[in-house]
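The same chain A turns up in both complexes below, where it pairs with chain B and then with chain C.
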Partner chain A sequence: MDLIILFICIVAGGILTSLGVHMMPVGGAPAAMGTATGIATGVTMISTGAAMTGLFTASTVETMTSNIWLVVLSGAVGSMLMMAFTMLGGNIIYTLAAGIVPVSGRVDVDPITKRPFLPFKTPQTDGHGTPDVSYISGVIGAFLGGSGGALIYYGLVNYADFSAPLAGISAMGIFLTNAVLSAYNIGGTIEGFHDPKFKLLPRALKACFIGSLICAVFASLISYAGGL
Partner chain B sequence: MDAEGKVKEKIGFGWPDQRNLMIIALVVSVITAVATELPPAIKAVGLILAIAWGADVVRTITHYGIGTGVPSIGMLALGMGMVGAFAGMSMSGFFATGVGSYAGVLIGVALVAIGGLIYGLVAVKIIKMDIPVMVRGMMELTTAGALVVINASSMLAGTWHIDAVLGSVVASGWIAVIFILSAMGMLHPYNACLGPDERRGRTLTLSVEIGTILCMLLGINLVFADPVNGSLLILVSAIIWIASYVSFVKACMREAYETVGTGLIKTLG
Partner chain C sequence: MITITIAIVAWALVVAFLAFIAGTFEDLESDVGSQSNPNSQVQLAAQVGYVNRFFNKAISGEPPAYGVYCAVSAGIAWLLLSNGLAAILAIPIGAGIAAIVHMTLASTAHLGRVSAQKRFEQPIYMDVFIRQLLPIATHGFIAVLSITTICYIQASVMPEGLQSVFPMPLLGLIWGITIGSIGSSVGDVHYGTEREFQDRPFGEGKRVTYHGKITRYAECGIRNQNDIVYFCAKHGGPVTGLVFGSILLFENWRSLLGFMIGMTPEAQVGWSIGIGVGIVIVLIVINYLLVGFARKKYGEFVGE
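Up next is the complex of A and B:
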């Protein structure tokens, strides 16, 4: 029974990770020059950073309670805080230091707040900064990614009897493999759930299902053969 | 042609081609991983070779442009490789004594290679990445990652059996250092040397340099528990580090059109 729950935890965590990665607004190297919408780094790096923060909060809460919802939600909150502060910091630098307004390059009007983007977009660029819709999408993505990482951690600690450090580093490894597969699917840059690339999601979900199954087999081997 | 020959002659060390490097690195690092009685200074050679192998595969795959930046593939290699390495190390639970107790590494390597194969197939068939070397490259990358983790753990703990590794490598937090520095050794060289004038020898020299930094750090930890082996490890890796650093900087200075020193690091002219 424990084995089945472990598999469910890792596979569900992997799929949540994939969903979360698809919602992160990342622009890669062009964003560092202010010529693309999103955070100026790779999607793997930012989602790993968010998941690491989530793992810290989740593992802290895990020492006090074994309630799955509390652990998963605390991981999600840690990730959301990290993403929110990163996007806020980026936006402050873009608006106050570089003097450019956060606009999206994919849509003309913000789908949520209905603010116009077109008049503020610099010609020849693909948008800049993190506008409202990407910000909200990023926070939702961090919620999903963080809860995915925390779910993997919870499954490893409670159903595979991993020690906290081993579970932490293994959860990070499993998260990374899923995040990289999802990053390949979107080709490095995405603006959020309004981006046309978001429609490629189903094939990343399929890929991450298979990818996290392999990791789950490894984790159950460690637990069973290692006598943990 | 003449200029290329001159460069090789000046560095004085020709790298084997890609397939030979793979075979040499695989054989040497499997031997150093299986033979746990070897001194850490010799295991360091296997570790450095495995990192150089990984850097070479990263170079081959990212040549095609993967869209997410070079670092992601190094992180994938170590993320998958580390979990697979733990699975291989835990095989010591099945075979506690006898010849079987050496088989854990081989089982771990085989498991990780199968995992990497499935990952490569998923990336090509489902994600539809248009990279011909993806399947083989993923297999090699994850295997190299697992071998690096097993070698580094066995350098620190003296064995790769999971009970010893859990205490002195995982619980002490050294696994994080091993993880990020060996990922750095695979992903950073091509990321830094990337460009039209990228040369394979220079890229691999940089990966050797980062690998020796990891060995030196492991030696600094080891020297308190085992002064003789620890200091030997620091000595050997420091010598390789100085040699690779000097040859890398010299190669950069020679192959660049023009260089301007900041004065922060002594660049040896």
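Up next is the complex of A and C:
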């Protein structure tokens, strides 16, 4: 029974991770030069940074209470907070230090606030900064990613009998597996849920399902062998 | 029942201030030795014929690099602490050894990258290579020292309630990856968009045609990394520090507020989750206003 719940936790955590990573607006290297919309880091690393902040909060909460909802939600909110501050900091640099208006390169009008993008976009670029729709997409993405990481950690601590540090680093590893698979699927840059690339999501979900399943097999083997 | 004492508030504030310093110096270190995304332009510059005197470092990208330095530093500090050494010695020794690792990685990265550009006639300037190593090490030392101290406080000193269950080395890895990703996404924009293309018009994203054609002749002769870091220290570095400091401050603040308001552990966690969601909603509104301010003040794009 414990084994089945462990598998469910890890696989569900992996799926949530993949979904979250696809929603984060990542511009990669071009964004650091104001040539693409989104955060100016790679997909894998910004999602890992956000989820690790969430994991840190979730691990402290897990010592206080064993309620799955509270642990997962604290991981999610910790991750969301990190992402929100990071995107706001990026926008401060774009608007105040570089004098650029945050716009998207994939759509002409913001789907949420209905403010036009096209008149403000620099020609020969793919947008710049983190406009409102990408910001909200990033916040939701960090929420899902953080909850995925916290769910994996919760499963490992409670159903695989891992100690807290071992569960922490294993959760980081399983999260990275899913994040890297999703990054390959995205292929570099994505602006959020309004980006046409978002439609490639099902492919990554299948891959992350299989990847998480393999990780869960290893985790249960280690748990069966009595921990490392 | 966790009581909020002056000690827990004081340590939370110390962690936030150290995080501010760590964030500032992390970004400046990636400017004093060209790393991460803007370094792609330094790499490209030689290939489009722009021979330059930059320190083409680019060890992996900032998150994994800082994960390594902070994990090494926290691990060694933790080892010395378990052997009875006082923290005031153990933490700087750990950070010092991480600085040596850092200089090793910087040397191999620079020499490897630039020697691969031999066919584009980019020389390895030995004075650039030797002279930049120490600024790189010192900037990195301050960042790693601050992060190691944060890990030490969270693992050993922080009173019950905010103390972490993870040991110091794992905390070093976690915060190293986090600070690297923040520095890469916030401060590097100032370097890549503004300083690296200083001779392009201000107030626009850098077009694809500009890529690789970085500014090489500047205010004091041929540009080098020290010109870059002095400029980015005015804006990019402090904003990065502000972001990381704010994250740690608000994480601890919402937990403490939850402890104060809630009666049971579940209620305390529930309150801190609710406060966190509230903070994020406020940030979404601030971003909306900031984008609106930029749109109104700068107006539509002028020119072709």
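Everything that follows uses one rule, which is that the second predicted complex is superposed on the first by the 226 of 228 C-alpha atoms of A that agree within 3 Å, B and C clash if a C-alpha of one lies under 4 Å from a C-alpha of the other, contacts with A are read in each partner's own complex, and residues count from 1 in each chain.
The rule we apply is simple: a residue touches a chain if its C-beta (ideal position, glycine included) is under 8 Å from a C-beta of that chain, and two chains touch if they have at least 3 such contacts.
Note that the structure is a prediction, hence the values are computed from the model and not measured.
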{"item": "When chain B and chain C are modelled together on chain A, clash or fit", "value": "clash"}
{"item": "Which of chain B and chain C A:I169 touches, first, second, both or neither", "value": "both"}
{"item": "Partner chain(s) touched by A:G28 [first = chain B, second = chain C, both, neither]", "value": "both"}
{"item": "Partner chain in contact with A:A225 - chain B first, chain C second, else both or neither", "value": "first"}
{"item": "First, second, both or neither for A:G211, with chain B first and chain C second", "value": "first"}
{"item": "Touching partner for A:A98 - first (chain B), second (chain C), both, neither", "value": "second"}
{"item": "Partner, of chain C and chain B, that touches more residues belonging to chain A", "value": "C"}
{"item": "Contacts of A:T48 with chain B and chain C, given as first, second, both or neither", "value": "both"}
{"item": "Residues of chain A contacting chain B in one complex and chain C in the other", "value": "28-29, 42, 45, 48, 165, 169, 172"}
{"item": "Of all residues in chain A, those that touch chain B in their complex", "value": "28-29, 42-45, 48, 163, 165-166, 169-170, 172-177, 180-181, 183-185, 187-188, 203-204, 206-207, 210-211, 214-215, 218-219, 221-222, 225-227"}
{"item": "Residue ranges of chain A touching chain C (in the complex, touch as defined)", "value": "28-29, 31-35, 39-42, 45-46, 48-50, 52-53, 55-57, 59-65, 67, 70, 73-74, 77-78, 80-82, 84-102, 113, 115, 119-125, 127-132, 135-136, 139, 164-165, 168-169, 172"}
{"item": "Chain C residues touching chain A - in the complex, by the definition given at the top", "value": "36-38, 40-41, 61-64, 162-167, 170-171, 173-174, 177-178, 180-182, 184-194, 196-197, 202-211, 235-236, 239-240, 242-243, 246-247, 250-251, 255, 265-266, 268-270, 272-273, 276-277, 279-280, 283-284, 286-288, 290-295, 298, 300-301, 304"}
{"item": "Complex interface listing, chain B residues touching chain A", "value": "66-69, 71-73, 75-76, 78-80, 82-84, 86-87, 89-94, 111, 115, 118-119, 122-123, 126-129, 162-163, 166, 170-171, 173, 175-176, 179"}
